[in-house]
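Chain naming follows the written order as A, B, C and D, and within any one chain the residues start at number 1.
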């Protein structure tokens, strides 16, 4: 099971802050593909923005490996400061 | 070396943070940066909503400060970023860096802000008279951060 | 654009100067630099005597600020330099720059300090436990100022 | 008549903050030469440091022209800030 969190416009448009994914994926990219196949809303919203990701709270490329128990966050480019 | 990283709803006081760093007997130079909620050219901004990723935020800021420490000889760094709803003219963010040398203090403060803008999980939503919209990331911020990695 | 240049014996208050600049509704970014009297590596420093060239000093600082204004889009600049005898840990100099953009504020504050260090008629005499001696100019300060003219 | 001011270590070593020079000089460099010929102390102290100058309160090169009524200041490199 992988915990997936969404932030900012993505969270708002999906109407969802967090979900659990139980699938055999080895990278964040594959995880995103699985989500897109799950629903049209995911398919639409996950393609709309330049997607950044954090794995276990570290900002990392979408090619990063993931495993069971990881926390993955998907979000648009950050705009703080 | 004293590091303080805070993510909070409450406002901060620049003077208090400056005094704390200036007390360090080894720092001859203190540079502070403060960012405020300002109306953009179009006008009509009422305030900002600042969303963040609790847990990761503090970690990301601490990582950025530690990277700055590796690059320059610093005596103290304080980073405070506010979250939640901030009205026009309120303070958003503060970075204060103390060092023995002014150039280290200037460079580190500027580096921390450039990295914070591209690496720390904060997102701004503008509340204007016409409605709400999420702020888009600026290409110029990305470029500013990339310049530091070329210098490494 | 508000410019304030002061050369004075009295101490200054960073918070007061910051507040004055932050009130400007157009400045989203405020950078401050403060320099303090610190003991050098050798130790034994009691204080500094700061001599200046009355009349020229204010003019030189104003010229430096005006040059910064030409180079960056600034909303306000405050420069305060103290003169006379300053004890260990006292504040010597403060530069505060307000702008719409953080990079302009950082660059201008850094530029003003680099030029002040090589162009403004101030001289430091260190009072140590072993006696008094005039501080020698640093080659690194000269180089820092020269980098800006190459960038022009 | 040209007013000449001295600062910092130069003022201290000369034991003099200001003097008047009435001589036919066209640049600061020539003015410095005239001073050096006036006394051994000037000759010694004006050669000891890298000399900077201000003419009418502007930092300028030693080759700058001067004329009657000008205020010239001579001093070592500045060390404020």
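Annotations
By our rule, a contact is a pair of C-beta atoms (placed from the backbone, for glycine too) under 8 Å apart; a residue touches a chain by one contact, two chains touch by 3 or more.
Keep in mind the model is a prediction, meaning the values are calculated, not measured.
The distance from the centre of chain A to the centre of chain C, with each centre set as the mean of the Cα atoms, comes to 48 Å. We define each chain's centre as the mean of its Cα atoms; on that basis chain C and chain D are separated by 26 Å.
Residue numbers of chain D whose C-beta contacts span two or more other chains: 81.
Annotation for chain C: residues 35, 102, 113 touch two or more other chains.
Interchain contacts link the chains end to end along an open line, per the touch definition above. According to the touch criterion at the top of this document, the contacting chain pairs are A-B, B-C, C-D. Chain A contributes residues 5, 7-9, 11-12, 50, 54, 57-59, 73, 75-81 to its touches with chain B in the complex. Against chain A, in their complex, chain B makes its touches with residues 35, 50-53, 55-56, 59-60, 81, 92-93, 113, 116-125, 134-137, 142. Residue ranges of chain C in contact with chain B, taken from their complex: 13-15, 18, 22, 25-39, 89, 91, 100, 102-103, 105-106, 109-110, 113, 144.
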